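Here subunit A shows up in two complexes: once beside subunit B, once beside subunit C.
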Partner chain A sequence: MLLFAAGCKIDNYPAPDAQLYGTFLDAETNEPVEQDIIRGSTIEYIEHGYTSQTKQVMIVKNDGTYRNNLIFANQYTITPVRGNFVPTEPQEVTVAGETKLDFKVQPYIRLKDAKIEKSGSKVIATFKIQQTVINNVRKIGLYAHPEPSVGEPMRTVLSEMEINGAADPNKVYQLEIDIPSNSNNLKTGNQYFFRVGAVIDAPESKFNYAKAVRLAL
Partner chain B sequence: MKFFSFLILLPFLSFSCHGSDDVKQPVDPKPIEEVKYDETGVLFKSYKGLVMAGYQGWFTAEGDGAGRGWHHYQKGGKFEPGSTSIDFWPDVTDYPKTYKTSFKYKNGEAAPIYSPYDEESVDLHFKWMKEHGIDGVYMQRFVSEVKGESGKKHFNKVLANALKASKKYGRAISVMYDLSGSTSADMDFIAKDWEELQSTFKLFDNKENPQYLRHNGRPLLAIWGVGFNDGRKYTISDIQKLVEKVKGPTKKASIMLGVPYYWRSLGKDTENSTLLHTVVKSADVVMPWAVGRYNASTYTGVAGPNLPADIAWCKANNVDYAPLVFPGFSWGNLKNDKSLYNEIPRGKGDFLWQQIAGAKLSGAEALYVAMFDEVDEGTAIFKCKREGELPENADGKFVGIEADLKTDHYLWLTGQGAKWFHGEAGFSAKKPERPN
Partner chain C sequence: MKLTKHIFMLLVLLTAISCDNVLDKQPLDKLQGENLFSNPEGVKLYMANLYYQLPVEDFTFFRQGFNWNTGDPNNGGFAPAMITDEAVHTEFGDFIGNDDFQWWDQGYKLIRDTNILIDIIPTLDVSEDETKALVGESAFIRAYAYFALAKRYGGVPLITAVQKYEGDVEALKVPRSTEKETWDFVLKECDTAIANLADSWPGGERRATKWVAYALKSRAALHAASLAKYGERAPISGTAVDQKLVGLEKSAAAEYYKAAIEASEAIISSGKFALYKPSPASPEEAAENYRKLFEDPNIAPTEAIFIKGYARPGSGTGHNYGIWFQPNQTANGWPHPGRMNPTLDLIDAYESYTNPGQSAPVTTTVAGNDVSDYNGFDPAKNYKRYDDPAGIYKDKDARLWATAILPGTAWKGQKIIIQAGFVKPDGNAQLFGGEPIKVGSATIYPFGAADRTQYSGFDTWGGNNTRTGVSFKKFLNEGVNVAPGWNQTVSDWADFRYAEILLNYAEAIAESGTGTAAKGAQALNDIRRRAGHTKDIPLTIDNVVRERRVELAFENKRFWDLIRRREYHTLFNNRVRHALIPVLDLRVTPAKYIFIRQNIARLNPATFDYKNYYRYVPGIGANGLVQNPQY
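Our next item is the complex of A and B:
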């Protein structure tokens, strides 16, 4: 009985009642930096006041936003890691109530002038690539999925091209998906989401993307 | 009460008795005014836009007057085939003064060497810098050496030679303390030695030394070796105090700090202490040590994300950034290990240009080239003998510049990098071709 009572006491903390949210923004263009929900950039955060320094993790939505509605109001050390941007510094943040924290980052690659259109029996994507670091661009890809969170890790159909070199910023890259030959996954009359991406050759780097486009086939 | 306030005002009264009797308001003690230097005629007002190399100047030859034997050429007290610490052999064709050694070429001819103790040799080095457009050098001052009388005499002589030559050829010059082997107790020595150098050589005199490098309006002093986790006998906190002392309340000098490569993330070669970041923020320029941290095939993976992240950190914290580039690395003789000959190959300059371009394309504004004359570790960019024309070295060997290049190829290529950093057009990641 005594033990039981003591056990109750330990659990008598207030519930997490703060919210932390924000957006990954391109430090140069101030536009959101597109991400992947699965195997995408992550945010590590360490709550202060505990000796364990346990790292907790948040994931980021495709549009570059994140939100945690169940976080304890406290001091945190927050670091975006393993992302599609140049590594950033940890930040000391006070989370209380509704707390907004945007991350200004330098995306490894910017996909510019992206167009994805249905043309006859094909979906054709054209875009330019601007890399912001000296690393090689490893590959580019066009991905398709019924859900808007389409990307390299979440696709039913893909068309990729190996680059393994420096990208020419003036070149228009083109990728195609043939609809009839992917009829199992791309059914005429249905809507699908398409997104173009490119990945830099850097340790733990993730894909950079243009915005997803919805097409009715 | 009145009596006491009178007492407090006394010191002000004594200053203000020239006609003013307005002493009723107590005056705050005057803030210490930061020193302002006359920059008239000063040749280099900022490190930004410059490509400068490190200058070891620690070699001596028997008979040069330094009385230090074959310092940094020899090994185990001897400088003879099978016993040397250098991998590259300086090409001394152009030197007016050389010293015969017991090393011989294949044809039996003796292979001579130079000493920076000689004014004419250092003069020649600065002449090369001018010819190739390299902006200047950081004169290494090894604390562990200048603590002794003969070391101090040597490095002061080399510095005197270099000050004269840099003035003559209009090349930038700055002093860099290398703290390797130092202890906490040496910090006072460094501060004192630095004061002494300023007065001995009139380093801050814009007429005497217009070529002494300035940065942020003050003469620049470099301190190398803070934050390394290799078991040094001084701490980051020691350097913090040293920086405070050198700058002083009047902010007498600007400071460049030489830090380990992973200084920002506090990992690998770096002590895991955020005090390092505090000290870096108190400095004016930061220069991470990159020698041995990558080779041609790992460069982009390592430096690709690191350079822009370093630069972003520095911008956010108002510190300038000077990445290091080096032509290659070889220390087989120094380490007595034949597998270490040409450990990081030069690739006819591909490796050096890869780093110059990488730094420039990542947004760097200045470069530190390691080194001008370092033949122990084979990072020298100055004229060295080529493969096929090297002296013999018992069962060991020497490493040469690629046989089809000119012996000044790395001076030339560094000069091309300097042109790019000066803002000249026509440079890219593609290595420039040298016209014949």
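Our next item is the complex of A and C:
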């Protein structure tokens, strides 16, 4: 009886009842910074009050938002890491109830005036890229997938171009995907999502993107 | 009150028992530690157990560990090659997971067992020569163990003497050394082994010699050198990186390449080793020589530097290559053969005798400009047609013929039939199943024969038929019908062979730009010569890497090559692996075979993440060690 009672007591912690959410925002334009849901930018957070200092991780949706609805109300040290933006400092945050925490970041690259259209038997993307740091732009790419979370890590078809240099902000870059030569993955009559991205040459950097576009082929 | 009384009585009882001498009695059927080491035969016995624990990446090694031939050895026929571009499993689509390729507890157990011996060597009553041999052997085993740890975890705790628990757990916790210190320790242990071990053992026992220790050093130094040179291809961050527990400075590459060159050179210039049958008269002869070398490495004592033997069928003494990897037609009663499916990606890498010095991707059409088209059958294409279902492989490197069973070739007296379907006379393709059709008076079966015991390809039944278009041959013994049960295969494994040393040597020279380039080129071309090539090629990094892929295919080297050269995340970024499917073309009479390059059916793309370059350190809650990045 005694053992049972003790056992119950120790398990009787309250469930996590706080929520933490927010958006990665471009510090200059205040627009959301597009992300990848898998192998994209991550948010590391350490809950205070424990010696283990275990890092927990949140991932980010493609539109740059994130949300954790099952987090304990407490003090946290929160750091966005391995992202597509200039690394930021850790912040001490008190999470209680509905807590909103936006990250103002400097994306490595902004993709401007992106247009993705079907033209004949091709999908053609045009865009400009504006880099915010002096590192080289490593490569640019056009990615396609049946799901809206399309990106470099999640694609069935791609067309990439190595840049390995500084990007000219006035140049219009063009990438195209030939539909018939990808008939395995791009079937006429179906809808697919297309997205253009660019990655900077920095350790652990992730792709920056324009918004995904849905096209019927 | 009554309860208290009972507990008290129990305590009295326990105390009474522990006073009795019953716990101090010696078992009559087991040797005590002191007795074991007081007798040279006992030391030998102990040594045999250390060798058994060596992390040899042989037939019984796969993602869950070593010596997978005891207890329940059923791993579904999953081999390390299937996590690389060498092969896929017939059914499983698994790629690398966090828990794969761990070797922590077992590693430190072996190290502790070795340290027990090392501590006791000075007290043994044996001759000076025997002492030297023991010092050398235990250093070799420790080097082997720490190498296995370093390539998984980076820097690890270096435990160099037996730890004793004296009431303070904290005192037993040894922090991780840096990755640099760990690799240096591995090489230093190799040097101790080299300095103390003899040329050979009097009875030819399969124990470490000076040359085996050199071979280990050659392999380990090349691994460390590549990590130093290419680590920046896959940058990672975190506490372990800040403390240098993982990662090597680029500048360290030079000393490690130098060590690899010198260790390899010692073996090469010893005059004791040579390639098995180095100059065959024809590619056919080369293929047969190469096949036999793996069927039984004991026939090549000058090439097989270190062999792990499988003495007899049974738990712990046999292995399971002979049942899992036979083509379906020669299953010999085993319910799930055919599980190793070599990929087109590997097949492409083999050179052609007509155009030596480069990979020769298989061209399936007359135009020959569509090797990157994996969209399947296209009736508009002008496919090359063959009478012989292996005709498309003509002129490909002999080693392909000895590594894979190609469609229509003979194996164990049978013609191995691998066919994915047919193109009907009306021009429509019927692939991967369906009903047979009649053409004239003949019945044409989709998989090439009427009964499922008569073919070896593409039928999904039982997961027993290749889905890449070829079956597996290397290591299989053509002359032996392996009984359909666990651990019945008894072929031996060449852990180090001379060809690997030559390739280590060539790679270290090419990568470092030091050493004698001409000798590196000769090492590379000697291996090619043995495979039936007659034109020499220059020593370049690409040439060495390709040669390694084909010469050492399925020897469980590719996984570590991709890791040490930091090529995994580039080659496995949504990687789709490919098949070359033979299809009977009924549009012509008589029917001929065409081949289609396409994605392997029912297989997801695979991606290798940066963090996978290091395994996670188990048990950090208890051992207090710094975890590897992103775990």
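Operating definition for what follows: the second predicted complex is superposed on the first by the 212 of 217 C-alpha atoms of A that agree within 3 Å, B and C clash if a C-alpha of one lies under 4 Å from a C-alpha of the other, contacts with A are read in each partner's own complex, and residues count from 1 in each chain.
Quick note on the criterion: contacts are C-beta pairs under 8 Å (C-beta built on N, C-alpha and C of every residue); 3 or more make two chains touch, one makes a residue touch a chain.
In this text the structure is predicted, and so the values were computed from the model without any measurement.
Subunit B and subunit C, once both complexes are superposed via subunit A, fit side by side.
Contacts of A:132 after superposition: subunit B is touched, whereas subunit C is not reached. Contact with subunit B, but none with subunit C, is seen for A:166 once the two complexes are overlaid on the shared chain.
Legend: residue contacts after superposition of the two complexes on their common chain; A:203 is shown touching both subunit B and subunit C. More residues of subunit A lie in contact with B than with the other chain of the pair subunit B and subunit C. Of the two partner chains, neither subunit B nor subunit C is touched by A:18. In the superposed model, A:106 lies in contact with subunit B only, and not with subunit C.
When the shared chain is aligned, subunit B comes close enough to touch A:89, but subunit C does not. With the two structures overlaid on their shared chain A, subunit B and subunit C come no closer than 6 Å at the level of C-alpha atoms.
Residues common to the contacts of subunit A with subunit B and with subunit C across the two structures: 203. By the touch rule above, subunit B contacts subunit A in their complex via residues 264-265, 300-301, 303-309, 312-313, 316, 357-358, 361-362, 429. By the touch criterion given at the top, residues 39, 52, 81-82, 153, 155, 181-184, 203-204 of subunit A touch subunit C in their complex.
For subunit A in complex with subunit B, the residues that touch the partner chain are 27, 86-89, 106, 108, 132-136, 166, 200-203, 205.
Those residues of subunit C lying in contact with subunit A across their complex are 235-237, 373-376, 573-574, 599, 607, 609-610, 621.
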